[in-house]
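Naming follows writing order (A, B, C and D), and every chain is counted from residue 1.
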Amino acid sequence: MIRMLENLDRRWIFLAMALCVSVPILVIGLTGVTFPETPTPLAEAFFDEVDRAGEANGRRANVLIALDYDPASAGELSPMSLSLVNQCAQKGHRMYFISLWPVGPQMIEESIDKVIKRFYPDLVYGQDYVNLGFKAGSEQVIKVMGIDLTTEFRTDVEGTMLSQIPMMEGITSLEDFDLIAEISAGYPGSKEWVLYAATQYDIPLVSGMTGVQAPQNYPYYPTQLKGLLGAIKGAAEYEFIVNDYVREARVRSILAANGIDEETSLGLSKQLDQISTWTTSAEAASMSPAAKAELIDVATGATPGEFLEGQRRMGPQLFAHLLMVLLIILGNLVFFAQRRRGGSA
Amino acid sequence: MQILTRSIPLFITAVAGIVMILSAFFPYTSDWGKFAGQFFNILAAFAFVLGGGNLLKLHLKKISDQRPGWAYSGVVLVCFIVTLFVGLLKIGAYPNPTYPSVHFGGETQGSGSMFWWFYEYAFKPLTSTMFAMLAFYVASAAFRAFRAKNFEAILLLGTAFVVLLGRTFAGVLATGWIPPDSAFSGLRLENLSVYVMQVFNTAGTRAIMIGIALGIASTSMKILLGIDRSFLGSGD
Amino acid sequence: MSSSASEPMTPAQRAIWAIVCLSILVIVVVRSFIGDGMGRVYVEPKPMDFVAEVTTSTENASESTTSWKQVSTVEFDAYVSANGYTNTISWTEYDQVPPRAYFAQEAAGGGSIVLSWPRTIGLWLAAFFTLAIFSFLYRDNPFYKFAESVVVGVSAGYWMVVGFWDTIVPNLLQRLMPVFSKDYLTPGMELPPGGFDPTNLVFLIPLVLGIMLVGRLLPKCGWLSLWPLAFIVGTMAGLRMVGYIESDILSQTKETVIPLYVQGENTSSNFMMIWSTIWASLAQILLVIGVLACLVYFFFSVEHKGAVGKTARVGIWYLMITFGAAFGFTVMGRIALLAARVEFLFDDWMWLIDPMQQREFISASVGLLF
Amino acid sequence: MRTSSIQTILLTTALCALAGGQVVLGSSKARASFAPPAPPTDLVANDLPWDGGGTVQIDWAASATPADQLKGYEILAHELEVTPRDAAIETDEAADRAAAEETQSLLEGEGIAPEDARRQAALSTPEFVSPPEDVSEWSSLGIVPATQTDYQATGLNKAGVYLFKIRAIGLEGDFSAATASSGEIRPVAAFFNGRKLPLLITLILIASAVFVFIVLARRGMPMRIRKIAGLAAVDEAVGRATEMGRSILYINGIQDMDDLQTVAGVTVLGRVAKTAAEYDAKIEVPTSRSLVMTAAREAVQSSYFSAGRPDAYNPDLIYYVTDEQFGFVAYISGMMTREKPAACFYMGSFFAESLILAETGNSVGAIQIAGTANPSQLPFFVAACDYTLIGEEFFAASAYLSGQPDQLGSLKGQDVGKILVGIVIIIGVTLATLQAITGSDSLEAAVNYLVNVILGS
């Protein structure tokens, strides 16, 4: 047994890894079952910070969304971006997309297409969100933006001058944003935003990042980084919180539109499974059947697949982690067996 | 020649660096910092041209020498030139609907354009699959390299275990029996992994960061003073 | 090292690997003929038609301005049949739609959604590239070498194009040649008063430096690139020096100035209170010890002997725990990326799973048959 | 700005004398009505001196309503708009008169044409549109807790002119009357940004420590540096490559010359190349940035020159591959399996490719030495390479390898920096712990001063 392990071709390990990842994906894909998530304080802090943005100023918040990653890291990060945009759009924040990565504009486009165009078709480009595109120069771009944003970003991604974009009015530098939300895959990324934006101008910064960067950015939490999502686990937790929030917010808005008082609607939005029984009660008598049907659909309907990406990926994650632990143990068994035989390790 | 290749570059380095330092402290000089920053960004874009030129040179030479594998150099060149041609001339890109008569007015990477096609169906799958290969290498490294050779290595492995298990549902399963509101709830794997991150990892990373920052500060100073000029080729 | 990729394999191993490859092939072939098939992309054409509106200046008849108006297909056809194609611009954009929409359209008996050949070919190409890269895990082979050459070529070109359109044009050309840029490159820009802003002449500096940089390509002109290089290294050294001292030295020191004794937060009972105080204080104590011990490890002036050696050793322990944590997190990230690629193969290409509800459920259940 | 009250008091008392344009408003009598809370009084607003501009310090006296019956204070601001020029000159009598006087003086003193003089005069004495009477049209900068009586308004337009008002908010959300408006405040930038003073001092301390030790080293003071494991292995690795007749692969990270790790990597490359030149081993340097290629060629060429073998230098072995990370990795890993280098050096800034490179290098049986300051990649290098330079050690290595007094001196300077950091941490932690145990106010003030002013920047 040990002999066999000693001479194990690494291709067998590759095969085991391939199976550990692909089988759970197939099973979850076919059954649609995901593991439950328990959000950690870091993900909750991220959510709260986005939720609170601009509150002190009593107006719609200006949120700078920097998507600094490329397709290579999209597997880990795109669930974060989608949920971030979902939360901002539901909350009514104004979104300013930028990227310090050359391929970033594609990531921005993807988030806009998948979330805003599909689920929030009422939002208007130039009034509710704008895509400022990519700029080369890494942290220098951040530094210049801190002094004067318009010199670096002269036009949006379609070549329209910023002065012709309504939502750019009053935006002259980084300090005009209520929050910077950043999704990062490396350099330039979270660290640069912390160094040159959050530390220098004291703007609240939240960041989602790859697993690789998370350990290095923990020291910045909670002062320089107000919220931190690490790797797919952070994405899954955040996704979970945002999905709940969006569902509750929508239930409340339907109830409000139908003249249901705030207290009832608040109570109901916390107990979504009670909604369908509630619609038969006397309190709901004022609602039209169509409104009731919509309400039940929003409250209990399936979450769109886009917003479950992170949670789906936790399945393969679990099995692959177990495999890793097993491999380390096996590797060490071999090591100790060799050492006992007196062979060189 | 010495002036052109040594004195002037060193002067430029010192001036550019000192301007950047001053602009952090003196608000009136922040405009200089802004200009220097913009110049840098433009130079970074020019560097891509230099890179492309070098690529051309290298692979043309390989082809003309008929070195082994020169056919692949041909593939590189064809892909490079076609991407460049399509992207720079915006071939197949849709014009901006506000200014339909200006060919170059549209988005370079608008979805549906030819450049987008290169991105979506060649660039994206290739780079992300290269990245995904890491999952396999990580597994093989786990088997071959992560050996409990000494106490230090055991610490490394133990932490890796806690994080690997604590960050999935397995952590919840393994230590779910510890009541969440007891005195020892901190030992539940999912809490323990957060604890490890916030205490040990933070301490280690913080010291590494302080050390590196000092290293960077002193390297920067040596560069600005012209003591370290290896990037200009003076070596020792 | 016990084994390496270059060692020959036993015939049995070879056979198993052949089976793996073969089974993938069989699934692909069978899948493409069963149910709704696989790997197709559908699009909906969206005609973009524009008609010129020429307005002649009231003061000078020879001066006229042309503006373009987007019109519907019906209006456009009417215009063309009356005036011909002069003064018109039109093209067709295609929006990608989920296959579900196409199936629904077919069931309803026709519509505008069509199969997109370029995108379908692209999808298969993407799948080919994905598998070609993965094939390197088995061994180096011509497919991998081909994919490798493509990624080198395409990416080098990609970066140049993006650098040109996103940085050189807006930040350099718009400043130095505003009129030209507005007319031909970025029609949306605003011209500075008088058509040119003389302060922008300062941007000749990066232009000259940029050209010097590219001068590296010419033989004997290598020294030219030293100037821009000096500029880049200099600005970065200045920027980094301040940035790192501020953020990493001052801020991180500040974060470490914490009390070693912290009152616990859980006050539900006296017992819990003592324990949570112990846990919270212990965390602070361990943190401070760790930072100091690691700093000692990075101390270069003294040999690691005696008390210094012992402290440095504690520092190494902390570093190893840090690396262990980094390892754990990195593994997480890598696996998520692999999962994303596998999802691409199963979902977009093979149509085996359907998490985004892009197709009818039927196709997914056909997938289940395998 | 996380300004503690102690800092605010220090700043305002110390700097009030310096500030011009200070405006103190007479206190209005607090009304003893029950429904709306009493307004705060004694509003004082000042441009924060010695800042980068855009910040105004606002202080006021608490409302007569007790703090526990208030939700907080709302800070209101209004940016004054300049009256359109024509209106200012032609309709407003006072402005007209002022402008006329100014015009006259310009005409007499400087001989400027009447039209120009008039315009210039209008510009030099701007007239503002009077602020809206209704405070609900003023913009709210935020709400502070009722226990607080000061606020720093940040992010204001440096070129703008502002008015401020404060009002109290009752528990029911009802507003008190607003205070009278403050005077016109221009949040201008100072000559020096005082908030950065501690940063400047730190910078000077560290820089001078490095500088002093460099000077001492040049004067011949012996600089002893502890051994750095892994560096001795450089010669061994180069020697082995020579014996085996295979090449040495040197990867300088995947970042550009703007990353100081890359610069340090180039320095180490110079040394490795010199050894290689002496041993007559072939060294190959593929780079992912064209600027790095430029610098690497310069460094290697001069190494070959100083080793006395300029003829053996072949620039074609130092070449650019692609900027794209994985394009670069695909190339390198392919090349490694084909050419099987005997020694691999990874010195610079690495990311995800670290493991691919180290694993591939391992599988072809190369001796591997790595050095990087990217902590996330260190576990992989530590596990898969023979020697690894961790973080700062990597920067130290470039100094250590060169053996130059300058470089060694700078290492000593870095150590001084570490001692400083250690001392500050120990003092701070001791004070903070004593404060936590005793609850002493004076200790709290000391800790706050240390944390927010000295380290605050």
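FYI, contacts are C-beta pairs under 8 Å (C-beta built on N, C-alpha and C of every residue); 3 or more make two chains touch, one makes a residue touch a chain.
Only a predicted model underlies this, so the values are computations on that prediction, with no experimental measurement involved.
Undergrad: In this assembly, which chains make contact with chain A and also with chain B?
TA: Touches both chain A and chain B: C, D.
Undergrad: Would you mind telling me which chain pair, A-C or B-C, is linked by more contacting C-beta pairs?
TA: B-C
Undergrad: Roughly how far is chain A from chain C, going centre to centre by Cα mean, in whole Å?
TA: It comes to 15 Å between the two C-alpha centres.
Undergrad: Averaging only over C-alpha atoms, locate the centres of chain B and chain C and give their separation in whole Å.
TA: A distance of 11 Å separates the two centres.
Undergrad: Approximately how many whole Å separate the CA-defined centres of chain B and chain D?
TA: The computed centroid separation for chain B versus chain D comes out at 20 Å.
Undergrad: With chain centres defined as C-alpha means, what is the inter-centre distance between chain A and chain D in Å?
TA: A distance of 27 Å separates the two centres.
Undergrad: For chain D, which residues are shared contacts with two or more other chains?
TA: Touching at least two other chains: 199, 203, 206, 256-260, 263, 290-291, 294-295, 297-298, 321-327, 330, 352, 362-363, 375-376, 379-380, 382-383, 390-392, 396, 411, 414, 417-418, 421.
Undergrad: Where in chain A do residues touch at least two different other chains?
TA: Within chain A, the residues that touch at least two other chains are 8, 10, 14, 17, 21, 72-75, 103, 105, 135-138, 140, 143, 152, 158-160, 212, 214-216, 219, 231, 233, 317, 320-321, 324.
Undergrad: Give me the residues of chain B that touch two or more other chains.
TA: In chain B, the residues touching two or more other chains are 21, 24, 30, 37-38, 40-41, 44-45, 47-48, 50-51, 53-55, 96, 98, 105, 109, 111, 119, 123-124, 126-128, 130-136, 138, 140, 142, 144-146, 156-157, 160-161, 164, 167, 197-198, 201-202, 204-206, 208-212, 214, 216-217, 219-221, 223, 231-232.
Undergrad: By the document's touch definition, which label belongs to this structure's chain graph: line, ring, star, complete, or other?
TA: Contact pattern: complete, every chain touching every other.
Undergrad: Which residues of chain A touch chain D once you look at their complex with the stated criterion?
TA: 10, 56-58, 72, 138, 172, 175-176, 186-187, 202, 212-213, 215-216
Undergrad: Given the complex with chain A, which residues does chain B contribute to the contact?
TA: 30-31, 33-34, 37-38, 40-41, 44-45, 96, 98, 105-107, 109, 111, 116, 119, 123-124, 127-128, 130-132, 135-136, 138-140, 142-149, 157, 160-161, 164-165, 167-170, 172, 190, 194, 197-198, 201-202, 205-206, 209
Undergrad: Quick check: in the complex, which residue numbers of chain D touch chain C?
TA: Contacts found on chain D: 198-199, 202-203, 206, 224-228, 256-260, 263, 290-291, 294-295, 297-298, 321-324, 326-328, 330-331, 333-334, 337-338, 352, 362-365, 375-376, 378-380, 382-383, 390-393, 396, 411-412, 414-415, 417-418, 421-422, 424-426, 428-429, 432-433, 435-437, 447, 450-451, 455-457.
Undergrad: Under the touch definition given earlier, write down the residues of chain B that touch chain D in their complex.
TA: 21, 24-28, 30, 40, 44, 47-48, 50-51, 53-55, 58, 61, 126-127, 130-131, 133-134, 137-138, 140-141, 144-146, 156, 204-205, 208, 210-212, 214-223, 225, 227-228, 230-236
Undergrad: Please give the residue numbers of chain D that touch chain A in the complex, ascending.
TA: So the residues of chain D touching chain A come out as 1-2, 54, 139-143, 154-155, 157, 255, 258-259, 325-326, 349, 351-352, 363, 375-377.
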